[in-house]
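Written below as structure tokens is the structure these notes are about.
For clarity, chains are labelled A, B and C in written order, and residue numbers in each chain start from 1.
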Amino acid sequence: MAVHQIGEGGLVMYWVTFGLMAFSALAFAVMTFTRPLNKRSHGYITLAIVTIAAIAYYAMAASGGKALVSNPDGNLRDIYYARYIDWFFTTPLLLLDIILLTGIPIGVTLWIVLADVAMIMLGLFGALSTNSYRWGYYGVSCAFFFVVLWGLFFPGAKGARARGGQVPGLYFGLAGYLALLWFGYPIVWGLAEGSDYISVTAEAASYAGLDIAAKVVFGWAVMLSHPLIARNQTDGSLLINSTNDPFVASTTHIPERQGGIFGGLMGKKRGAGTPLATNEGVPRKAAPTAATTTAGNPATAAEV
Amino acid sequence: MAVHQIGEGGLVMYWVTFGLMAFSALAFAVMTFTRPLNKRSHGYITLAIVTIAAIAYYAMAASGGKALVSNPDGNLRDIYYARYIDWFFTTPLLLLDIILLTGIPIGVTLWIVLADVAMIMLGLFGALSTNSYRWGYYGVSCAFFFVVLWGLFFPGAKGARARGGQVPGLYFGLAGYLALLWFGYPIVWGLAEGSDYISVTAEAASYAGLDIAAKVVFGWAVMLSHPLIARNQTDGSLLINSTNDPFVASTTHIPERQGGIFGGLMGKKRGAGTPLATNEGVPRKAAPTAATTTAGNPATAAEV
Amino acid sequence: MAVHQIGEGGLVMYWVTFGLMAFSALAFAVMTFTRPLNKRSHGYITLAIVTIAAIAYYAMAASGGKALVSNPDGNLRDIYYARYIDWFFTTPLLLLDIILLTGIPIGVTLWIVLADVAMIMLGLFGALSTNSYRWGYYGVSCAFFFVVLWGLFFPGAKGARARGGQVPGLYFGLAGYLALLWFGYPIVWGLAEGSDYISVTAEAASYAGLDIAAKVVFGWAVMLSHPLIARNQTDGSLLINSTNDPFVASTTHIPERQGGIFGGLMGKKRGAGTPLATNEGVPRKAAPTAATTTAGNPATAAEV
């Protein structure tokens, strides 16, 4: 019975990846907190992604976040469950980073994110499974991956096109890059946690490479294309400007907007809306509802 | 010292239950995704319930999701913690399936769900406890069960009656069935995890039977009485139609509605409201607020 | 190799703390549920805090919720992970209890709470770490503590001052007390889980003392200053009065209000707003948006 554990090279990869994630976290924090309050939503999301990944990589580099699991072949292999905890939180955030550009119905955003969470959890269960049933988890996890892809490229793409302007280009660029990268994970899983075919060091290096591309590179792309995203984002202003108190809220001078996943989660200000203020350059596909409600009431619109 | 583990019969029960849950999940998915966007909320909830249960039963059937825990009597017994993780997510969803019919204040919905979660967690802690203090967890867990029942049959019932129409019949039918079934769980717990009196196989069969009745049978009842539920649900349209972006939102042509747990979680569209559109057949108990806000402003109402 | 475990005195402290938490939970439940529906938010939060802590202390007193972890010095020490699960839920609630008084933007409330959660999780990872990398977790955890303090005393303080009236006094009293106490935790951690310098019994007594001051004493302070808090809270009415159904909602006769973390989470009623009704004594810093939207429409305002 062999015991497969990580080698020096794998730990080096963990430290390098930790360094990149931590550096990006510090940089993204500075970039985000120096932005106007109503232009931070994508910064917050991207900052959370690299921060969580930095902690996970520190844990793995510090020889934590793993457990010896026996394989059907009778060998013991170190399974790094820490990366699944990382992915549980970061993959939904990565999806939000792009889905929030589409303005698709929240019900759809919800099932895409839940399919993603199921995909990750099944990958973890399969990795911790000591028998061949692990492949059952794997198969269903892959099925959920296709549900996520379907959500990104059918309803998601439809929403992006509906918003028009610079959104489709931005959305397809980010979503396509992410989707392509994500195909790498199930391949590594099959060779590493799944079949115990490649070494734990090779596994560590492969996942690290994928995470750097999917979080650091993707993160910098999102942060650097910030002006473009901020101009086209659907929720940024809501996330930041809605407050616990109308008195304070009304002093921030941000035009009211409609809900959205953040709007809903965060509460938002009511009344007359001039969404153009937070959507410059986005061609109106229809009159915003909020505006409609006050259209018959010039006095109100005038006051805001 | 005896080691109590599951027998062949128990694993068969797990596989059978997995099959029923998985089949229901596929069926519910088809039923839900072929429904109009504003009639899916109960479908999503019920689909999530059987999907989570299917995964948990697969895990237990695959000899996972369990741990050997020593009993005060000195024996070791396999404790299936996987079922508690299942229940942690599915019992609140089961409650939501019925509570969303009542329109009770969200604060009340919240404490009912939190009491339910406490009930499940205390059951898990008790099951993992190696000494007689397990009965302390058990007692408080039962106390929280009565808090849940109180919530369902006092504020919940009051809300259902207040909505009138077909809601009370629907609510009392589903809530009564669920409440009755739920009495079975603490009984099995006391005989199985609690006192180590019945075998792990008998425990598996008992819980499986209860889960089939509370999730598969209940789920089909909810899915098949869909037209009735959809017509009376308070949040379905909000869950689906609210979007991340007013421009897209305003193209879905769904009349604005008020909040609600989904409305709040998901964000919703603003302005004039004609709730009747999503509440046909529900006698108005009072003029909907949204309508009130525009009543003094015919121009607005006219425009929507 | 020494094995450091808890002594009789430590267990006694756990039982005493459990008793105080449980008694407070029962008292707070009575106090909260006998209050009007629109004055319960702080009661719910504070009740949840002591209830969760009571369960955690019961678990530790019942010799559960712990694991033997090896130290760099080669000794084994019992690590009570149960207290971190407690803190994971209770520290964000403690922060909400005070932040909800400030009406600061939700985006800010969000990053304060996330920094707090990161602080707790890193403390747990450090406590479970078997090597000296634990001090890395500790250092970053302390860094997140300062992020929390920054949030409380810069944006938080700004928001409290902006609301004026009795809010600043209330906020600085509670926030100052909490912040001062929280400095005690990293000190104990460094001596106990960190360096294995003080005994597990001394650790238990120290944390118990801090928890009693930060949850029982703080909780009673919040519950007894209820009239003051209820009059100044920003979300209480929303939490309770928003419903799943406009028909029921409109029968509760609570003036509409703007969002907020609870408003957003819970959904809320629309339209004309007279926030003064839930903010007596709070000088208006600006015209509330909701009111603004109807100001031009006396007919509407009149109807509500």
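Here is the rule we use: a residue touches a chain if its C-beta (ideal position, glycine included) is under 8 Å from a C-beta of that chain, and two chains touch if they have at least 3 such contacts.
Just so it is clear, the structure is predicted and the values come from calculations on it, not from any experiment.
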Turn needed to bring chain A onto chain C - CA fit, degrees, nearest 5: 120
Interface composition of copies chain A and chain B: same or different, split at half: different
Whole-Å separation of chain centres (CA-atom averages), chain A against chain B: 27
Of all residues in chain B, the ones touching two or more other chains: 256, 263-265, 268, 270-271, 294, 297
List of chain C residues in touch with chain B within their complex: 37, 40-41, 44, 48, 51, 55, 58-59, 61-64, 239-252, 256, 263-272, 294, 297-304
Parts of chain C lying in touch with chain A, wherever the complex brings them together: 99-100, 102-111, 114, 118, 121-122, 125, 128-131, 133, 136-137, 140, 159, 162-163, 234-235, 238, 256-265, 268, 270-271, 273, 275, 279, 282, 284-290, 292-297
